[in-house]
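Quick heads-up: structures coming right below.
In what follows, subunit A forms one complex with subunit B and a second complex with subunit C.
After this line comes the complex of A and B, so read on.
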């Protein structure tokens, strides 16, 4: 087990290094274009060369890569072109905001989708199952931009219950968080619920569930003790993958509600060719992706004794 | 619910069960009547699809979504089960009526420890404390002869062997001391020697507690050894019932008689007295014929009488045994006349030159141990000795059987022979050419063609998206036997004739075929290029009794026609005795004994052969068998004993020499050799395991 975790973590670092090399080659390989992005298209040749000289761009490529990587590891991301402040000053608060949004979405979505999925999968083909399945397909197939418009029309303009933007201009406001969370939950719960349902329905046909029933156990015990543990293995992996999506897949929602999160930052950085910000965002996104995968792998092993003790 | 006086434990009357599918209502069990008395063991026997498991589910009232009990009554000690509330039923299940399942591995929850799965039985039904539950479960585990119960309590199912898992399932069923035990093929998934131990355990324990049992099995031999009365089922109906002695020595129903003609009992022999397969196939449940269900397959069928109306059960008059009943109109007329179409004796095949030579062949697998402990001790690579010094040969037209339980290395040998793996050392020659180190893709197409295989599971070996004809034709084309399209087609059709399949099957896809038909296609495919050596790896073990008989006969017939050498891999000694000329007995990768069939089946035996012979159930009450039950499980191939591989389970162990030194082959005749430390003279004095009593009626009939 210990060796397994070490291996996974080592693998995670290797992935990060490979991605960083790719990123470096992609964005920093030609110093001329970097200088153009930083100094603008109207800078003179002389200015650019001066800037490049100052920032060590005439060193050999591996020296440049290593110092670039070193800066990354120590958290010194140089300066954002767009915001004119060090990248870390914009990056961390934005990441924090997205984390708040993500945690709120998870807090609603995970219990909701697991309960619905289990209820549906428990009795495959029942009325309850069909209702839940159809609902989750419908909600999943409505894209965020459509449901965001619809929910805004309903709660902001018609009922006037909720604010239409979530800029958090006067500090943190729970009311402003409601609509983005609602849109994201509505879009995502159906997917997780359907995964859970499929897994649960499969477990319910297993001979060991039959054994449990014919042992004379009460039905709730059959479900809670015998079915759930096995049925939750698949949804767990799926849920871990959703963290990824919540980080960079929520651009539309963040932009729509003017929520100052990571997704919106990424969009702004790309639109403005803010090269150092893009690099920082990309590395954060890769780190989260790889880390959640690693946690998913380790958690999967923990949930499944057949892998744990083999 | 306590038992009173002489009320039978279970009374089933006129039970009708149907499944409701898209195709409409399908009757699964029709007019089923059965009684089980206190501490009686009743057998339910029949082929797959006859409805025997459905009866068990009905007793448990566990019919699934699409099954329903249409009419009839099931009374458990006088209480009607069909009317019980869910709660009353729950209290009954697992405490008064328990069940033991076919596949112990699937029946146990993979993510819960054995302790938590066992303890919930007394905790649910008797509300005992956790501590008491633990003690009772540990006690029960030691009652079912599991070593080290405390360790097993903490284990997960996958950490136990198949035999141990089944013992856990048995202890789970017995924890609440039930009045009735349902056993649904409890040993089908286990090895023969392990099976023998489980069967004995169930018998001992139920005798001790006075438990009544219903034993469901397709294995006539097993039923005859463990039950007192038997119900033979065919296509949803009981066709014959009575005491084991009466039904097994004087079967009245043509189907029961047919079944006995299909199993290789000791007097049958592939040349002198071949098997007599039942013609035709089991009718589909919604296409049952009018009148007698067995009519279309029966040799005694009389049009206008057997297909006029439904046949009812009638008592067999004049029989000295009470309660022998049969569902046949003509039982009186056909009785005693014996089977009409007695299969003809055939001359033995003449053996030709040596086709296969195996000399000191070895196959080791490397296993990489990646734990830290192994890394530190430097033992990160270990060897699984799958085959150790194999020595034997096979001649043209000969049938050589390799016998052994799972893990004995018989399948590894087949893999090396087929070229899927390379041997580690030694020689393997086929028609004089060394093939042990030549993988199949490096062999010439002639060589590939000359060595073909019939696989165990016909369902998995045919490509579901190609037609039967195309799959056979591809073999012929690939090996360059024929080039011309029409000629290839002609050849495929001839092959279909050879394996007795209708020519229309050329355009069928595998899903349209039954298991037996698929296996026939598998045989046609293997014999398509007229190979010199065919390996048959348990070719009939997944098939029903009557289908297996037909496929076995077919295989023998084609072999005879083509003078093919057949390497028959099996765990079933009765089939092997029937069809093999020579036998190689393997245990943990090594040959324990080899010789001609007569030599293997008569003393002197290797102690392992002796135990194997005793373990195979025989469906004949007239045959007497010495009981030898092996203790424990097969040792892991990763960590085999230093001396004789069989030493851990051997009932005739001499002492230290067996543990320390590997026994040498002691030759008795040109063919016969035994690897054992016990001197031959001593082995010669062992009594035969199987003896047929001279008064056997069936023997005289033959």
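After this line comes the complex of A and C, so read on.
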């Protein structure tokens, strides 16, 4: 178990290093284009050379990569080209906003999808099961940008209940968070519900459940004390891996609702060729994704005694 | 079936193949979910094929801006779904846009599958260092949040049809590879593979002719699901302004161009969203139906 955790964490670091090399090669392989992006297309040859000299771009590429990596690890990001401030000044507040959005999404999605998945899986093939399955196919077929359009047409244009943008111009406003959360939950809950259902349905066919029923335990006790323990292992992994999907989803939703979050920042940086900001955002995104995968793997083995004790 | 009278003629193999096709179609009819999915897809394919005949206006012509659905055009004809901010008929753009998505989505899915299948066959059949290297590469690619990957690739190499296909192939092939590898690991110990090895067939012959056809069932289901994701991806890229360059009609791009006016003129973005959602739904329902049938056998 201990070796397994070490292996997982080692793999996580290797992935991060490989990604950082690829990112560095993709964006900074030619110093000339870096200088052009930083100083703008109308800068003179001399200005660019001076800038490159000052920032150590005439060193060999591996020296540049290592010093770049060193700055990265210590959190010393360069200056954002677009915002004209250090990258960390824009990055961390934006990441905080996205964390608020993400927590709100999970707080709604997890109870909803687990309850629906368990109810559907308890009686496989029942009317409720069919309804939930078909509903989740439909909701996962509507991409985030489309459900954002549908929901804002309904709640903003026709009913006029909610604001159409979530810029939070006058401080934090819970009402502005409702539509982004709704869109993300709608897209994501179907998949988690289906996985929970499959896991629950499998557990319900186990002999030990039949034994529990036949020895006369009340049905809700069979479900709560016996079935759920095993049925919830898979959903745990699925929910952790869902964070990776959520990182994609927030880009679309934040862009649509003008929410000042991490996803919108990454998109803005990419569209404006703000390379230092792209690098920082991409590394943060990959770190979050890989870290949650590692936690999911470790958690899965911890929760599953058959693996834990083998 | 009534055709069972045919017995030992040389065509009998054709007959059995035909009978099998008819039987699987009959099975398919039992899954009404799959039927609905197939019907939606066929509908959009017909729309794309007959676009020049059924579209009421030129999709690029600027006729009358901000017309609500049902407005009559002064020079004749009706804007059934209204027009957009620069006066192009939305229905015509939807009809022509179905061509864009139905060309690029299958093409991108196909290239992703071609690359992923080759990687998966090599990894699962050859094992050893080939497997290690390919598996590590795909682990790393799959650890990226997909959209982050797409945005960085497209923003760096530029937005065009070919680049979108390249980006989708790069991001999806590792997922295909994982599935193929798993199937190959199961199939490589079968007797017919051993027989082919003894016959002295080459490794690629065994992989492509002996193993691949026997792995097709799960792959077809996965291809349908993946097609849905690819359509979403093409839509999202268009929506984020990283899709195909204007003015060619593209559903994602239509939503991007008009979303700022969605509060005042919701019809401009609403109809493209319905179109793209229905097509994705079609593929997801088809995949569900196919899976149901394959489980029943």
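Definition applied: the second predicted complex is superposed on the first by the 308 of 310 C-alpha atoms of A that agree within 3 Å, B and C clash if a C-alpha of one lies under 4 Å from a C-alpha of the other, contacts with A are read in each partner's own complex, and residues count from 1 in each chain.
Basically, a contact is a pair of C-beta atoms (placed from the backbone, for glycine too) under 8 Å apart; a residue touches a chain by one contact, two chains touch by 3 or more.
Bear in mind the structure is a predicted one, so any value in this text is a computation, not a measurement.
Undergrad: Return fit or clash for subunit B versus subunit C, each positioned on subunit A through the superposition.
TA: Here the two partners, once superposed via subunit A, fit next to each other without clashing.
Undergrad: A:175 in the overlay: touching subunit B, subunit C, both, or neither? Say first, second, both or neither.
TA: In the superposition, A:175 contacts neither subunit B nor subunit C.
Undergrad: Tell me the contact category for A:18 with respect to subunit B and subunit C: first, second, both or neither.
TA: So A:18 only meets subunit C here.
Undergrad: To make sure I follow: the centres are taken over C-alpha atoms, the vertex is subunit A, the ends are subunit B and subunit C. What is that angle to the nearest 10 degrees?
TA: 70
Undergrad: For A:134, is the partner it touches subunit B (first), subunit C (second), both, or none of the two (neither)?
TA: In the superposition, A:134 touches subunit C alone.
Undergrad: Return first, second, both or neither, reflecting whether A:247 touches subunit B, subunit C, both chains, or no partner chain.
TA: The second partner, subunit C, only.
Undergrad: Just checking: does A:303 make contact with subunit B only, subunit C only, both, or neither of them? Give me first, second, both or neither.
TA: First partner only.
Undergrad: In the superposed model, does subunit B or subunit C contact more residues of subunit A?
TA: C
Undergrad: Rounded to whole Å, what minimum CA distance do you find between subunit B and subunit C in the overlaid structures?
TA: When the complexes share the chain A frame, the smallest subunit B-subunit C C-alpha distance is 5 Å.
Undergrad: Mind sorting out which residues of subunit A both subunit B and subunit C touch, each in its own complex?
TA: Overlap of subunit B and subunit C footprints on subunit A: empty.
Undergrad: For the complex, give me every residue of subunit B touching subunit A.
TA: These residues of subunit B touch subunit A: 60, 62, 65, 90-95, 98-99, 101, 103, 106-112, 116, 120-121, 124-125, 156, 158-159, 169, 172, 370-372.
Undergrad: Mind listing the subunit A positions that touch subunit B in their complex?
TA: Residue list for subunit A touching subunit B: 2-3, 125, 206-208, 210-218, 221, 225-226, 229-230, 303-306, 309-310.
Undergrad: Touching residues of subunit C toward subunit A in the complex: what are they?
TA: By the definition above, subunit C touches subunit A via 33, 139-140, 143-148, 151-152, 155-156, 228, 232, 235-236, 239-242, 252, 255, 259, 262-263, 266, 269-270, 273-274, 276-277, 280-281, 284-285, 288.
Undergrad: Over in the complex, which subunit A residues touch subunit C? Could you list them?
TA: These residues of subunit A touch subunit C: 11, 15, 18-19, 23, 26-27, 134, 137-138, 140-146, 149-150, 152-153, 156-157, 164, 244-245, 247-249, 251-252, 255-256, 266-267, 270-271, 273, 278, 281-282, 285-286, 288-290, 293.
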